[in-house]
Structure formats: structure tokens, C-alpha cells
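Once you scroll down, you'll see the structures, which are given as C-alpha cells.
Next, two complexes with chain A in common: one pairs it with chain B, the other with chain C.
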Partner chain A sequence: MKRFIASTIMMLAATLPLAAQEMSADQILDRVSETVEPEQAHGKLRMTITTSTGEHRTFLYETFSKGSGDKALIKYIEPSRVKGQAILMLNDANDIWTWFPRTKRVRKLATHAKKQKLEGSDFSYEDMGGGDEFREEFYATRLKDERVQGRPCYKLELVRREGSDASYSRILLWVDQEQLVPLTIHYYHDRDPQLWEKELVCSDVRVVDGIPTPFRYSMHNQLEGTSTSMETVEMRYDVDLPDDLFTELGMQR
Partner chain B sequence: MSRAILALTLLAVPGAAADLDVFGYYEPQYAGTWAKENYRHLMSNRLRVDIKSTVVENVEAGADFVGLLYHGTKIWNLLDFVPESLASTVPAKLRPLYVLPFADRFYLGDAYARVSFQRVAVTAGKQQLSFGTGYFANPTDVFNIKDAFDPTYEQPGHNALRLDAQPRSRVSMTGLLAPGADWKSTTKLVRAKAGFGRFDLSVLGAEFEHTATDFKAIDTLTMWFVRTTDRRRVLGGDMVGQVWEIGLWAEGGYFMPVQGEEYYELIAGIDHTLDNGLYLMAEYHRNTQARADWRQYDTNDWLRSMFGETRTLARDQGYGLARYQLIDLLGIGLMGIASINDGSFALVPMVDWNLFENVDLTLMANVLVGDEGKAYGSTLGSGGFLRCRVWF
Partner chain C sequence: MKQKLLRRWGRFAARHPWWIIGVLLALTVVCAGLASNLKLNMRYADMLPSDDPKAQEFDRILTEFKTASSTIIVVQGEEGAMKRFVERIVPRIRELDTLVAGIDYRVDREFLGNHGFMLAEADDLDQSVGMFKDLSLVPFLTQLNDDFEQEYSGDQEALSTRVKEEGAVRALDGLEYWLRTMDRYVAESGATPAAVADTAVDRLLFGDPYFISHDKRAMIVTVRPTFSAMDIDKCVLSTRLIREYIAEAQQEFPDVHAGLTGTIAIQADEQYHVGKDIGIGVAVALLLVLALFILTFRMWASPILAALNLLIGIVITAGVASIYPGRLTPFTAMFAVILVGLGIDYAIHIISLYTERRQIDPDAATAMEEALARSGSGVITGALTTAIAFAALAVSSTLGIREMGIVLGLGIFTTMVVTVVGLPAFLSARERVLVKLKRGKPLKHRHVEFSFLSGYGRTVVRRPWVFLVIALVLTGFFVYQASKAKFDPNMMNMEPEGMESVVLYDTLENAFEFTPDFAMVAANSIEESYAIAESAKAMPSFSMVENIGDFVPPREKQLERQPAVRRLREELAAQRRSEPVTRASIGTVVRELERLDANIYELAQLAYTGGQDRVDAKAKSIIGDPEAEEAQSVVLALADRIKADPGLAARTLGRFQQHYWPKLRARAMAMANPELIELEDVPDDIRRRFVSESGEDFLVTIYTKKMIWDFEVLRRFNKQLDLVDPKITGTPPIMQRLMDSIARDGVLATILTILIVFGLLWLDFRSLRLALLGMIPLIAGGIWMVGILKTFGMMFTMLNVMGIPMIVGIGIDDGVHIVHRYRIEGFLKTPLVLASTGKAVLLTSLTTIAGFGSLMITSYRGFISLGALLSFGVGACFLTTVLFLPSIICIWHRRKQARTDLWYRPR
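Now for the complex of A and B:
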């Protein structure tokens, strides 16, 4: 699951138009999976949280990822109260460290912290981290094709496998048939597959370094009435990020 | 002081220096406490201005300037926070020495330069130093002693030369020198850290100078309390990781004073976040330098604990923390701090509210539950603070 959101945010991509309209759910998922994990990415994103009372909080941060999402680093640029803070995620976000520049302290978070909201947004640490467990965590079924944002989409239903530690019990996603970019994703509650918890809408798809990339994302929490939007300010995939960036020292630079 | 402000102002002028960043916060705070049937309050206004510049690639210079103004009860008598049975034994002529004035302060909190290469970084100057995985206390941190009632508040900077190396992704080494008057009194520290599976482990060795005040003896030369310094060595380490979805950490050190008795300190903790977002944490802290029997606490024990010369008053402490994001921008929490040896404890409810963008409010109260003379008894008084922090 986590791979899916992270990949969507960081680097949604597609390579070839699908020729075979009758692909199975697993085949579609494989194609999406093949394309949403660029080896490296470096970008800048603006996240705006809208609270249930209509207040807004905006964050600007820089993201780095390598190894198809295996390593990810987030560095906050704005606002002042979080400026310089960094989050390092290794092993598909199974290992998380945070860096607080004012106290010069590195803190390792346990897995359970992945469920916590990232700076109060509708994205959790887990959502933001990379990962490659998508196919391993869910069974996929193809449903009847539908149009989303005026574009023909494959509709897939993903049901969590037994023993999986994914945070959502069920996922519905609509994948653009031409670009293989998921345009809408519905997440269902951890314990109730019928309880719709979040909706992620991806839009403004542009091609960056040959990879179709949504420049706008909107995550709406159906249960809490809050929403978080993200705007891609910059994104590049043809980068060569050094391994030492994804270390405790790298967080501090 | 005015020169420092002028310098900061000039540096902040666009074009005065390349890639210069100026930021910081203004923090007014109101704190009050009710002890021995008296209410005392202290207001403070704290301004911190940070500057940071990447002089050339890989070279960073940073500093922060702090101005701190006090209002309200600016003169506190420490004997008001010591059990009456001990305070009453202090001769009248010595009582003025126990007065602690809160004087306005202006100082450089940090001022350092950092040179970093791919896997090595050297930091020289006054800098933040923090070690250890404990939340409420860090036995291996020979530079700072946390306030258990406000454990995440920033610590003062320390003059040091620090070398960090990261030869592999999850392997790091630190060497540190904090100059004293001579080589003998210089703090030397080495630390090695490595990741194993879901755990990070570190070992640490240090030699440092420790100063203790004898609050019962007067130095006729300075007309203040007698202060003695000794050298200590510590061997210790820490770990952090998880088993299933339970976070685990531990940190400890075995201290070997050149003169005096050896002792050890250990803290171990667990935490977990429930599905509903409730964060729960507990820590146990043992400090064998402190006394196990509360009836033996003397004036020095109390005041050294207050002045941060010892980490705890009681030998065994338990800490607990529960936190919950009540609504979008407002979190509530409850800390519990207990002396296991004497059964006294403090409850610390708190509220964090992100009032506006870059404006945080923190309300914290402390209610002490215990008989006079116990570590968290009525002697210390109950109270709390309201803190606003405006970031820029």
C-alpha cells in the first residue's frame, strides 16, 4: 500500500500505452508497478493541509528517493517552525529516522509511528515512504472500466492479503488507460473493508524526463473531514543521487 | 550586545552575504508555582535569532543569538523548595546565599562552522550536543541534564570540536573534544554506532570534568558555596529498535570518578501507537548515584538536583507519557513522573495548539502528589506554564 501512495506522489509514471485492452488486474498492476518506481527522483513539493474548521497550513519540502523508493529523504524548507527538519526512510519506510536541527538530535521511530500523521496532514509516514510490497500485500481484481476526469480508466479492486500489515483493508483505484497513471484511489479502513476512509485524486499530469507525473494531488479524509493537497513544484528523474545522502549525516547537510 | 544585533542586521541585508538564512523565534512564557502557601510567578520573553550560511559548498557557518528578559518574581529563595526540616537548619547568616536571581541575559547560544564531505563532517565551535536514546533523561549525555518536566526543550550550546564519520549507511563514529582549562580537564568522547536489522546500537566512552557544589559549606574567598571538580570516566551505550510493533530503547553508563564511588545510570523505555492514534510511552530510570531512601535526602541532594548537577533526586524513577491529537491542530497529553523509591509522583497534563501558521501555544501544568520531603512531594510546589512560540 505504502508503495502505492509514495510512488504516486513522488514519481507516477508510465512507459508504453497499453495495447492489450483485456489485461488482467495483475497485469495492469504489474505495468503500473513497473512504471511508478523510477530508480531516482528529486523534487520539491508544496503540501497544504485544510483542517475540519477550514484553516490552512502549508509546508514546502524537498524530496529525494533512490532504489525505486527503497530509500527516501524529506527535508522541510517551510514554514519556519519545521525548517530544516528531515525524515529519512530506509528499507521501504520500515526504518525511519527524524532529525531536529535546533537540538541536533536524531531520533529513530518504531514501525508503529508510521501510522502517525505527517505534520498533521492526511498522509502518514507510511504513505510518504517508499516500498515495493504492493503486489505482495493485496489481491487484485479488475472491475468494469470507468471514466475518471474524462479519461478512460481501468478500475481495480485490491483486497489485503491475510497476514499483511498494510494499513488499509481494501483499495479501489482507477488507472488511466493511456498513461498508466492512477487518477483516483479510494482507501478503505483497516478493520472495515466497507468503510471508505480516504480518497486521493491525482491530476495535472505532465511528462518529466519522459515520465508522466501528476503535478497535483488531493487527499481527502472522509472520516475526519480534512483534506491535504500537494503540488509538485519541481521534479526530476534523471539525477544521480549519492548513497551518502540517505544517511544520518546526509539528513544533516 | 548592540554590536551583535548590528552584525546580525547587516548580515541580514540582501546581498551582504551569499546564501544567508535568518530565522528564529520569539517566545513569551508565563510560569507560576504554588509552594509553601505562596504563589510565585515568572514571566520571560525569549528571542532567538539564528543565522546560517553556506559559505562555500560543504562549509556551513551558523550561530544563534538569544536575548532573555524576566519579569515577575525575579528573586527566588531556593530554601523555599527544600523540606522545612532541612531549611530550618540553615543558619540565618547563610540564608541570603540561597537566593537565586533571574537576571536578564544576552548570549550566543551557538556559533560554529561545519565542514562536511561525503562521509565525514567536522564541526568546530559552540554547538548543540546531545547523545542517547532516552526521552526523559540521557545518562550518556555528559554535557546536558534534561528537565524531566520539559524534556524536549533545547539545551545550551557547548564549545567543542566534533568529528563525525559515516563509513557505511548505518555505521557511524563520533569523536569529540570539549576544551577545558588544560588537556586534563578537556572532555574527550568517542562513540560508535551501527544498525543491526531493526535496531541501532552504540557504544560510548568519555572522560569529563564534573563540578559539584557543596551547599552547606562556604568558600571564604568567593563568599559563595564551595565548588569542587573531579574527573570522571564513563563507559556506556544505547540501543533503539522494535519488537513486533513495540518500540524499545535503552541507554546506560557506568561512571568511574577518579575520586569517589563508582555508580551507574540506566534508562529503558517502550512505546506504541494504538490504531486510534493514541501514543503511549513508558520509561524506567535508575541512578545509583542518588539515594534510595528518601529520608536520607539532604540539602545538597535537593539543590544539586535543582541545579542540574545530578540527574535525579531519587534512585529509581518511572516516567509515562500519553499523547493524542484531539483535533486537527490541537494535541493533548499527560506525563507521569514518579519516584519509585518513595512513592511520590507528579502528573503533568499538557496541551499543544498550533494556533496559526508559525504560532504554537503550549500549556503545561504540574501537580505534585506526595508528602513533604519526598522527591515529588509538596515541597517543590505545583504549578505550570503557558508558552507561546512565534516562529519567523
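Now for the complex of A and C:
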């Protein structure tokens, strides 16, 4: 009997990675969506940007998101000059507002601003999206697995669907096989699928409320030679955020 | 056979020296005449293969669009002084009408004044219609606020590109001037002249007319030439004259600093510096070499004759080079210095043996015969090996490398022939003259020995393994160091330190965010130029794109704009009079000013979080620093001044309105010209910048955001250029192609040179083992050279990288001479070989180092790097020769002692 149990466990152990290996590109993307787009999140992020005169500027934000990223609110904590300033993004960042505490005014920044840079960084609002976008806007193909940051990864190639308005013609994605978190993403230029535009490296993956979460992101723009680093200071997924947080009044609170 | 011929020549030269000298001098005079036609050409585009499409296109554009290259005058100082200085120098420079086609230093207000709104984007025009609906102060301020919110606070994308950032700063600058003018009217209680309001209108509509930096500390004036940048003489002349005018004007403006940069100025400066460097380099090299020669041989006349002989060789080489390739480039400019370093070696070998033989042989003819027989073979083999190794570079498709191979190969061959042919004649003639002067008394012949070399030889014989291990350990260390050697792609680091035209590159990049290293493409039609410009504007690495479309927008765009421009014109035409500023409306003025302050604050905040520092700085200059407690807002200060005396404010602002209203209306009406702009409407000087003389080509110029002198930046920029249009040329694509082609041809040339040298050695020694033995110090010396370069913290440059194939041809000599002498004396005679040939090899290495080292006192840093690398290489090859060869030969000899020495064939 003991031998039977042992051999069953061994068989199961052998079949588990096999099942994982046989996952299709779309199945992997589905799993990625689950990890990168949790239903609700609340945390603190630190981001360093390079300004137009080559200076480095660091911001600390408090972030709230709900509806798997459909609604997001960013509140500046540091530096003091922007403390209390807030950005509200609704409809997957298609509508963006800003609140200025000194003038006590809310301004609508733009509509359809997804392709724009996120606060002078090398991230665009679109880059902050995740798995769903990948599934909707691209055809995915699984390539030969590779190791990234010393970990076995699925390598996926995403090619933009005809008629899609995604900003990238092609994306290469390395997804950690164990945690199903993208560790590296290569974005290719809108007009040339061979012109490598940006590289996102996610590292320091920790499990928060059961969800593997990269605590460090680094986006390098290959064409402009600029980089933006983002660091997760705190993150929680086990939260219940009220809907009215994602309103003009919520920004001001 | 070779030795027989040499003996015969030695005897002939000793008997008929004056004939030989006469023929040589006649040839020298002819070649000197030819050499005077030799031109210096430092253009990198001319170094590329002649069939390179980018180089061809580059030259075609420079010929078709003479204004494509320009001289940029960078002025620095206080704003007012700079502007007066520029106004002072521009008319003077314009007088140079044979050299100057035009000068750009202010915005062409006439053209903008007549077509300004047709040049604006359709979206912006819609806003402008609202803003100019009522030019009276109160509604104008209200509408300004509405538009302001929409333009900057409402659309983040408006700040996302450099051009838009520029636009935002210019608009804020005009607004600041307008607000300060309002403040002046109120403060001066109505005494302000109308001209002040006139200027405010211009600043609001057009911004600062001068090309001035955001911080108002630097200005640029672009002088467009009548000649192509390929006309070096005119580049030099125009640069000199413009500098003279600037120097003259600077006496009146001591606090203003001005200098020249741009392609033309850089070319002119290079000509000056390289020309000076050639003279200094040759003079210093000759002096050093002579000093070494005189000190070691302790004689005067022979070294001077050797130097004279060398100069003849250099002049003949220059004469032949004037026929082909007909020019000197960065790769060949220093050929004379290199020949001094190398060519003197042949004389050293001959004089060294001649003085030795003069102690032994009874007469000069016999001594010369013996000296040539013993040294000539080594000299000829060494020189031919070097010359052929250099000549092998001629197979390169890169013109720069090819010409370097030809000129240096020819030079080595010529100096060797002149030395073998002429030096015996000079030495014999000298002896005859001295004998005559001393009336038949015998001459003293000094023979100098380096006893430490024979002592070293004896030590090597005793402990060959020790020296071999030392040599191997050092080689291992230098292999490690060499593996870390890097290439410096920054061409500016090759230019002389502190050269004005290069230093100002940084000023341009910092103050104006552009560099003169732009890319260009000539479109075949105006439509193609539009498409290329549109595509280029989408690229993230590009700082600015200029084309005729900036003045004649595409027809469909003009048609799209036309209705809004018409509407605007109608709105303006409908305004017959202004609405007076009253005590009742002054409250609205204050509220609008406070609203404006809030708008500018929000813009500053968005610019701050978006990293748009220039917009942030400009906004802060108006509303004060949000972080500073004592910050003064120009807008709120004006509002306070109005609130302090509303009655006075209503009167003075009413006067301001009376002054500005008719002018603003008239100018805006003129700008709102709905006529479609045709190419013919564009002023000639603007058209010439973008349309070729034939009218068939349309120039698009693309500027990079960052200096291209970083491989990554260069490749990124060029990658994007290719994406826009593969035929785009200009400095960035040319430089990358040159670097790529030098890397490719350099590797091929090095491999080919090594193979040729090895083949020649094999042929000369008729022994594979001896040929391989001769190669060991060369290969090790090459590795040491690169390792030493890295150890000294230096990098490869585009010029000194050519030192690698060069050292193959140069460094082989030491091994050749030593192995030759071993073959003559026997492989047991290490102390003798080192004492005699070792001495000559040491001296030749020192003189070569002295020659190459003299490059290090020149100003052109490219030559300094080449001189340093070659000096390291020559020193390294000498050390590897005396470390490796004797120790290996001794070890081999010990192992083969019992048997017949297979290598040794006594002669």
C-alpha cells in the first residue's frame, strides 16, 4: 500500500510540470491576468523619473485600484511640492482627472490618454495594464522556454491583432513558470516589429495575500536611452475599497 | 645575390657619392614642387568607400544645398548685451556676401505676420478663434484663461514632446511679457509710451524674436554659406573673417562671449590645428631622433646626414602622394612623423655597422661594402615587410584605411630606398670632405658598445627559463588587460582639448537641446518631404525636424485650417472698437488674473510631475516657486497693485488697451490670411534652406536630442532614421558606417597583414620554424601594446585603432634583425647578437618611440592617442623580442645540443 501511495505521488509529481509545460500561450496569459490584475489593491509605490533636463526626480504615491485595474487612484505623498495631488483613472485609464489641493480644482487631463507617458516616466498608462489587454489586443504564441533571473520561464510572443490600437506591434514576455508573473517584457515599436522600444524588468517577487507581487520594476526605453524605476513599498490585496473613493470627492479626501 | 648587389652598390656609392647626391637632390626638388599641391582633408565622409550610398548622398546634399552646413555663432552673456552684440555683428558679417548667403538670428516676422495662423495646427486654431473673438482687455483675459486651461492643463500630450515643450515655454514667455507690460502701465500711472504695448503685442504673438535659450543666457546666430562645406579653403577663410568681426565687436562688449561652432568652423579649426601639428610633430620627431642618435653614437655629422637623407625620403613620398591619393586625411596627416620614427632605423643599422667596419676595414669603400652587405639585407627585409604590411591595408574598401596603407607603404619603401641608395653616398662624401679638410690625416671612427646588452645576453644563456617565464607572466597579465580595452566612439575626444568649436557643442546641447550633428535627407518631391518629416516627428530620439512644411504646410492641412482662419479673420474684422476698461470691470480683471495664476500654477505642477523642467522653470518665473515661502507671483502682484487703487488701474489699463488694441487687431488680421501658402510666397533665404537650386529636391533636417558620440545613442538614432527613410544621411549615419567599416576592414587588414608578414618571413628565412619564431615577439608585443593601453586607462579611438595593423608591420622588424643576426653569427652567440644587433634594435626602438612619441605633444587628441599606442607597441615589441627570442633559442639550443642544430646553417 505504501509503495502504491508513493508511486502515485511520484506519478502526480511527474505529471504536474508536464501539464504546466503543455499550457498554451492563451492559458498562460489567462493565468498571468489573474496574478497581475487582482480585483482590489492598495499600496505605496516609489517611482524615479528622468526629467527633460536629465535630472532624477522621485515620487512616493499611495495607490488604490478596483475592478482588476478598471478604476485607479494615485495620491502623491512625496515630495512636499505635490503632496495631496491626486490622479484618478477610470475606464482602464481612458479617462484621467487630476486634483490640485492648492487651487482646490479638479481638471480632466485627457480622454484616450492610454498611450501617453505616465507622469513623465518611461511607463505609459497602457503599460500599467496587463493580461486582459494582452489577450484582447494580441495573438499569443508560445516559444521555447528560457531562464530569466535564474528562473525557468515561459516565453511568449504577442503579435498585435489587425485593427487593434495597441501601441506596440509585438511584445515578448517571459513569465515565471512557478509564480506566473512576467519577469521581463520587451515592447517593440508601433511601426516596426523588429525595433525594440522598451524593456520592463520585474524583480524581487514576494507573495502578498497569496498573490506573487514584484516589488521592483525597471522600465528602460531603448530608443530614448532613459529608465524609470518603480519600487513597491507596501501592497495589500485583501482590502475592501469603497466605490466612492474613485470619484472626484474621493480624490480630495 | 642580394648581398652581392649590396656590396657592389656600397663600393659604387663610396666611389661616386656626388653623382648620387646630385640625382637625389634633383628628384627632391621636383617632388617638393608636387608636394605643395597636397591638400589636407579631415572630412570623415571622405574616408568611407567611394561607392558608399550614404557618403554619396551626403556629398550630393552638401552640393545641392549649400546652406545645409552652417557656421553657428554661440553668444553668451546678459540678455540685453547679447542682443545688442548680435545686432552689431550681423550687418558686418552680411558684408561678406561672397561667402555668406544669409544669416538667421531672428524669426522672420514678415512671413509669420502674413501667414502665421495658416501655420498653426487646426486644433490650436479653434482655440485661437475664441481667444481673438474680443481683443478688449477683460474678455481677452477671460478667453486667455479658458484657452490656457484647455491647452496646457487640459491636454497632457501638449507637453509630451520637445517641440511642444518649446511651444509652451514660448507662449508663457510672451504672456509673462504681456503681464509685466500691464504692470508697468499701472505702476507708471499712464506715462508709458505706446511703443511698449507694441512690443508686448509682438512678444505675445511671436514670442522672443531672437534665437535665445530658455534661461536667456545664450543666443545663436546661424551663418549660411554660399559655398559647400566640402570647399575647405572657403571654410577656413569664412571662419577666420567671422572670428575677426566677432573679436572686433567684443571690444565694445567685454562681458559678452562669442564663439563659432558647426561643421564649417570645426573643419576650419581642424585644418588649423592639424596643419600646426604636422609642423610641430615633424620638427620635434626629428630633433628627438637626432638627439638620441647623437647621444648614443657620440657623433654629429652622420646623424645630421641621416636626418637629411630621411627628409629627402619624406619629400619624395609627399610628392608621389600628391599624385595619388592627392590628399592627406586624419589617417595619413601624420605620415611624415611616422616616417621619421621608422625611416631613421634604416640609417641607424647602416651607420652602426659602417662605424663598426670602419674600425676593421682599411678604407671607406670596403667598410661601406661590408656594412651594406651585413646590414642591407636586414634593412631591406625589415622595410619591405613593413611596407608590404602597410600596403596590405590598401585592399580595404574604406578609403581612409586604403590611403593610409598606400601612403605609409610608399613612404617606408621610399625612405628605405633613399637610405640604402643615398646614405652610403652621403657618408662617403662626408668622409672625402673631412679627409680633404684634414689634409689626408686619418679620421677617428667612434664605435659605441652597449656592454649591458652583452651582459644581459650572458644571463639569458645561463637562465633562459627565468626570462621565458617572466615574458609569459607579463603576456598573461596584458592578455587580461587587453580583454578589457574599450573603444571611445566620441569623435569630439579626438579633437584638440578646448577647441572652441567643440567646446561650444556642449553649450548648444545644454542651452538649446540640439547639436549640429544632424541627419539629412533630400526628398524628390515636396509631398515626399512632408511624409518624411511627419514620420520623423513621431520618433522619440529626435529633438527637432525641419522641412519646407514648416513654412508651406501640406495642401490638405492648409485646407483643413482655412475655415478656422477665415472665421478668425471675420471675428477680427467685426471688432470695430474696444470695450473700455472701467472701474466696474476692474474687479473682473483681478479675478481673471487670480484665475490665471491658478492656471499657471497647475501647469507648473503638471510639468513638475511630468518631468518637463523647462516649462516648470518658465511657469515658476511667472508665479514664483511653489516651494518658496517668499515666492513672488507676477500675476498676483499685478492683481494686488490693481486692488490697491482700482480707479488708477482702470485708467492706466484703459490706456494700455488703447495702445495695444489697434496693433493687436491689425497684426492678428494680417496673420489670419486664409490664402493658401504656395512655395513662391516663401522668402528666398528660407526657400534656399529647404529647396535645391534646381527646385527638384527638398531637404528634411533631423536633429538628435543627445550628443551622438555614444555608441548606444548613435545606434538608437540611426536605427530610427532608417525606419523613417533608409536614404537619410548626415553626420550620424556617416559616423556609424565609418566606425563599422573601420572595425570590419581593420580586423581584415590586421589578419591579412599578419599573414603577409608571416609569408614574407618564411620566404626570407626559408624556414617555417624561424618564421614562427620571428612572429612570437610580434604577437606578444601586440598583446602587450593593447594591455598597456588599458593599464594606462586609455581607450581605442577611431584613429589609434589603426595602430594595430600598423604595429604588425613595424614590430616585426626587431625579430627579423635579431633572427637574421643569429643566422649569421650562429645560435650560440646570444651575447654577441644582443650586444651588436640588440644595440641597433634598442636604438631603432628608441628612435621610433621618439618619433611616435612626438605625436603626443600635438594638440589633436586623435594623434596623441595614435602616438601613445604606437609608442607602447614599439616599446613592447622590443621587450618581447629581447625576452622571448634569446630565451627560446637558448632553451631550444640546449635541447638540441646533442644533435646538429637544424636551424643553424653557417654561412
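Just a few scattered comments:
The rule is short, and it goes like this: the second predicted complex is superposed on the first by the 216 of 253 C-alpha atoms of A that agree within 3 Å, B and C clash if a C-alpha of one lies under 4 Å from a C-alpha of the other, contacts with A are read in each partner's own complex, and residues count from 1 in each chain.
The definition used in the following text is that contacts are C-beta pairs under 8 Å (C-beta built on N, C-alpha and C of every residue); 3 or more make two chains touch, one makes a residue touch a chain.
Just so it is clear, the structure is predicted and the values come from calculations on it, not from any experiment.
Partners chain B and chain C clash in the overlay (superposition on chain A). In the superposed model, A:98 lies in contact with chain C only, and not with chain B. Once chain A of one complex is fitted onto chain A of the other, the partner contacts of A:242 are limited to chain B, with no touch recorded for chain C.
When the two structures are aligned on the shared chain, A:122 is found in touch with neither chain B nor chain C.
Touch criterion met: A:90 reaches chain B, while chain C stays clear of it.
In the superposition on chain A, A:137 makes contact with neither chain B nor chain C. When both complexes are overlaid on chain A, the residue A:176 reaches neither chain B nor chain C. When the two complexes are overlaid on their common chain A, residue A:221 makes contact with chain C while staying clear of chain B. Within the superposed three-chain model, A:195 lies in touch with chain C and out of touch with chain B [touch as defined at top]. On chain A, the surface touched by chain B in one complex and the surface touched by chain C in the other have residues 49, 51-53, 55, 57, 80-81, 102-103, 105, 108-110, 113, 116-117, 120, 191, 224 in common.
By the touch criterion stated above, chain A contacts chain B in their complex at residues 49, 51-53, 55-58, 79-81, 83, 90, 94-95, 102-105, 108-113, 115-117, 120, 190-191, 224, 226, 242-244, 246-249, 252-253. Interface of chain B with chain A (complex): residues 23, 25, 116, 118-119, 121, 127-130, 133, 152, 154-155, 164, 166, 169-170, 172, 195, 198, 200, 240-242, 245-248, 271-273, 275, 277, 279, 325, 327-329, 354, 357-358, 360, 389, 391-392.
On the chain C side of its complex with chain A, the touching residues are 149, 153-157, 160, 162, 165, 538-541, 598, 601-602, 605-606, 608-614, 626-627, 705-706, 712-713, 716, 719-720, 723. Note for the complex: chain A touches chain C at residues 49-53, 55, 57, 59, 76, 80-82, 85, 96, 98, 100, 102-103, 105, 107-110, 113, 116-117, 119-121, 189, 191-192, 195, 221-225.
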